[in-house]
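Labels run A, B and C following the written order; every chain starts at residue 1.
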Amino acid sequence: MSRAVRWIVPVVALAVAALFPLAAGPYPLAVARSVLTYMALAMSWDLLLRSGQISFGIAGFFGIGAYTAALSALHLGLPPVLSIVAAGVVAAALAAVLGLVILRLRTVYFAITTLALAEIFRVIMQNGGDASGGPEGLVMPSLIFNGEAKALYWTSLAAVLLSGTVSALFQRSRARLALTAIRNNELSARSSGIHIFTWLMIAFVSSSFLQGIVGGIQLQEYGFASPDSVFDSYYTLLPLAMALLGGTYSTPGPVVGALLLGVAAEYLKLKIPYGHLVVYGIIIVLVILLMPRGLYGVYRGQVKAWAGRPGVDRG
Amino acid sequence: MAIFVVAAAGILAWKPSALIYGVQRAGLYAAVAIPMALVLGIVHIVNLAHGEFMMIAAYAAYFAARLLGLDPFLALLPVALVMAGFGLAVYLATVKHAMKAPELNQLILTFGIAIALSQSVNLAFTSQSWKLSLAYVSASATVGELSFGVFDFVYAGIAIILAVGLRLFLTRTRFGKAALAVGENPRGAAIVGINVDRTYALVFALSVALVGAVGSVFLARQAIFPNVGGPYTMKSFCLVAMAGVGNITGVLFCSLALGLSESLINSIRGYAGWSNIVFFLIIIVTILVRSLRERKS
Amino acid sequence: MADLEVTGLGRRFGGLVALQNVSFSLSRGEILGIIGPNGAGKTTFINLVTGVYAPTSGCIRFKDRDITRMPAHQRARAGISRTFQIIHPLESLNVLENVMLGFLFCRRMRQAEARRAAEVLCRSLGLEGLGRDVAQITMLELKKMEIAHALATHPSILFLDEVMAGLNVDETRDLVALVRGIARERGIGVGVVEHVMSVIRDLTHRVIVLEAGEIIASGPYESVARDPRVIAAYLGKETAGGGA
């Protein structure tokens, strides 16, 4: 694919996304906003996945971001945008400290630990008494941009742009080679001079930073954070399924997955009040068994085949 | 680890009811974790749906109780057999195909299965929690001034039976020895004529059957709801990891450590809500201690 | 003073002594053969020198620095490199990217520079078609890629762990010439672990023989090949007439 063509799709998509609020009614706009939230989270999850580590703790850092934004706005008087930045920074710092210990673990044990993390954070916030608002959580006096629907949408779009940019940076730079090498074979990676722990840390902190930002934005858009709402495993499950379906180890993959599943989620929630999440479980199982590289991965494989020769993996 | 257990027990000697509660909790954790030690520790299959299988078994036992009037202990064997079949079916349909793929895939796959299972139950029976009321679960004993429930000791009993039984199975039976061989070196096992695929399938089914048996007993005392299995999956993994892969008796000790610690925190007024995260702290400490030990060597 | 000086190197795994009292030296431009029957400790030997794990006894000095406790990735940067007996190419990367790694992470080049350097290196080894997936290359190309990957870290010392395995006579000859060129033209000290004696005979300046974790003989190939202890080690106790 020539370079110009490769830029057309993202630019057009971005234009459509940016102009969407001007044409859409309130309900589609709200749905779109939630799709954007999951999209950003899905991209952040993929970031760490590239190193071979699976995190089941998206909800954990997302929730920490939400609480940080709330607490910094309520107690430190930070303006909304700064509180969102603080959310990202605190999530990143927390990931850095925790990473020192848990990044020694691999695969299953790392994954379970991240799952436990989300639960730990929830319990801490729940038992935090007045400081964290306890089980009822914290309520904000006002929403960002006064809750104006279009502005909220564009804020979420900004989060997607941030996630997408970070993801693309990782793909274009030496980070891609480092993380892929670590994922394929740590011993080979080490003998190439790659310091495994450093790169894992970079991926983990970046991923958590993004999750914190998205959490902060969520708080500012909805005006409240409670242990059960922001640490809901929904925020782990959906992005995971979306990235898997759309295509892992890429930037466009999670975008595609979020669009497809995000819209489907809304529909399912209306039709099946209890247990609509079963569809996600089934999707995850099917994707892993039948299409492990996801839709975008299949597409890329096709492009290679049509080109008649195996191409360099750019994504 | 042993020191830790003794210390915790020592502290709790001041609060005997907490000590008893801790041992009972430990029994439950151990009973659920030992089948995990079999499937993860011995043959290295990652099954994140472990707790969900227990939940399904509990629901099955519930229906056996409501529709057939079967006491959960009587239902234990039939439920275990049904779960064995169910586990085998799930394995053959899904996990089997991920065996050659990187472990990442098993992880995500069984995570998906866990969600599918718990949400199917949610879909079918809503998230309401169900409970049986059986007379004998409130049996209690009195020692001096202390009175405590005795039913929950049954879990500890089951855990010990499982541990001993599993040990015997692995070392004395042909199938058990095959399982050990496959876990240690699948290619080598294949060369000496062991049917590796069948071994994996049957061990998986056995692990599901065992955790299903625990699930049946679980129903007798606890309330069940679709997500009840999740925390047990987590804790089982942590216990198997702490004990060290392949170490079944270690799981008993680590469960004791976990149960006693949780009970300890629980008994401190005002901090009861934190007991859930004790296991996480124990993991962190274990990791740190292990990596420090590695540095030294 | 040789570039690599190893004294009294040893490694225990619990009760098992994998290697003990191994001492040798290697300088730039030399080719050292390392032979011994299966299980003699040859790969453990390489693992210790390259830092995969730390020795339980002994000392490794490289360019007059004590590197005994230095972690693997730092040793790669310092100039000690190796190939692996069972090659695990990084299958998500293509041939060029596999080779680029050393340039990127040991020599800290930028991506474009590293790409060019990798292309030049591959061409000099006769490796073409760099955009291919590693699943599609031949055995000989895989070996060359593995060597290129190790050379990309700009080593002064390179260990080749049974790199000739699985090659036919012509391919072996090809690779022997290649290795000889590497030592001579790039001034790299090469340690060659091999089972194929003709390779050892044609390629190496000196040989050390490992058996049960210890060095039982060292010297030029001709003298080592005739050493009765070496013959006994390879043929086993029965033929050597009892006693180890």
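Here is the rule we go by: a contact is a pair of C-beta atoms (placed from the backbone, for glycine too) under 8 Å apart; a residue touches a chain by one contact, two chains touch by 3 or more.
None of the values given here were measured: they were computed from a predicted structure.
Novice: May I ask you to sort the chain touch graph into line, ring, star, complete or other?
Specialist: Contact pattern: an open line, chains touching in sequence.
Novice: Suppose chain centres are the mean of their C-alpha atoms. Which chain sits farthest from chain A?
Specialist: Farthest by centroid: C.
Novice: Count the C-beta contact pairs for A-B and for A-C, then tell me which is higher.
Specialist: A-B
Novice: Provide the C-alpha centroid distance between chain B and chain C, rounded to the nearest whole angstrom.
Specialist: For chain B versus chain C, the centre distance works out to 47 Å.
Novice: Would you kindly tell me how far, in whole Å, the mean C-alpha position of chain B lies from that of chain A?
Specialist: Roughly 31 Å separates the two chain centres.
Novice: Just the number, please: Cα centre separation of chain A and chain C in whole Å.
Specialist: Measuring from centre to centre gives 43 Å for this pair.
Novice: Find every residue in chain A that makes contact with two or more other chains and list them.
Specialist: Residues of chain A touching two or more partner chains: there are none.
Novice: Any idea which chain A residues touch chain C in the complex?
Specialist: Contacts found on chain A: 173-174, 177-178, 180-181, 183-185, 187-196, 249, 309-313.
Novice: Help me check something: in the complex, which residues belonging to chain C touch chain A?
Specialist: The touching residues are 50, 52, 72-73, 76-77, 81-82, 84, 88-94, 96-97, 100-102, 104-106, 111, 131-133, 136, 149-150, 152-153.
Novice: Looking at the complex, which residues from chain A come into contact with chain B?
Specialist: Against chain B, chain A makes touches at 52, 54, 56, 101-102, 104-105, 107-109, 111-113, 115-117, 119-120, 123-124, 126-127, 237, 240-241, 244, 272, 274-278, 280-285, 288-289, 292.
Novice: Enumerate the contact residues on chain B facing chain A in the complex.
Specialist: Its residues touching chain A are 40, 46, 94, 97-98, 101, 103-105, 107-109, 111-124, 126-127, 226, 231, 234, 237-238, 241, 271, 273-274, 276-277, 279-280, 283-284, 287-288, 291.
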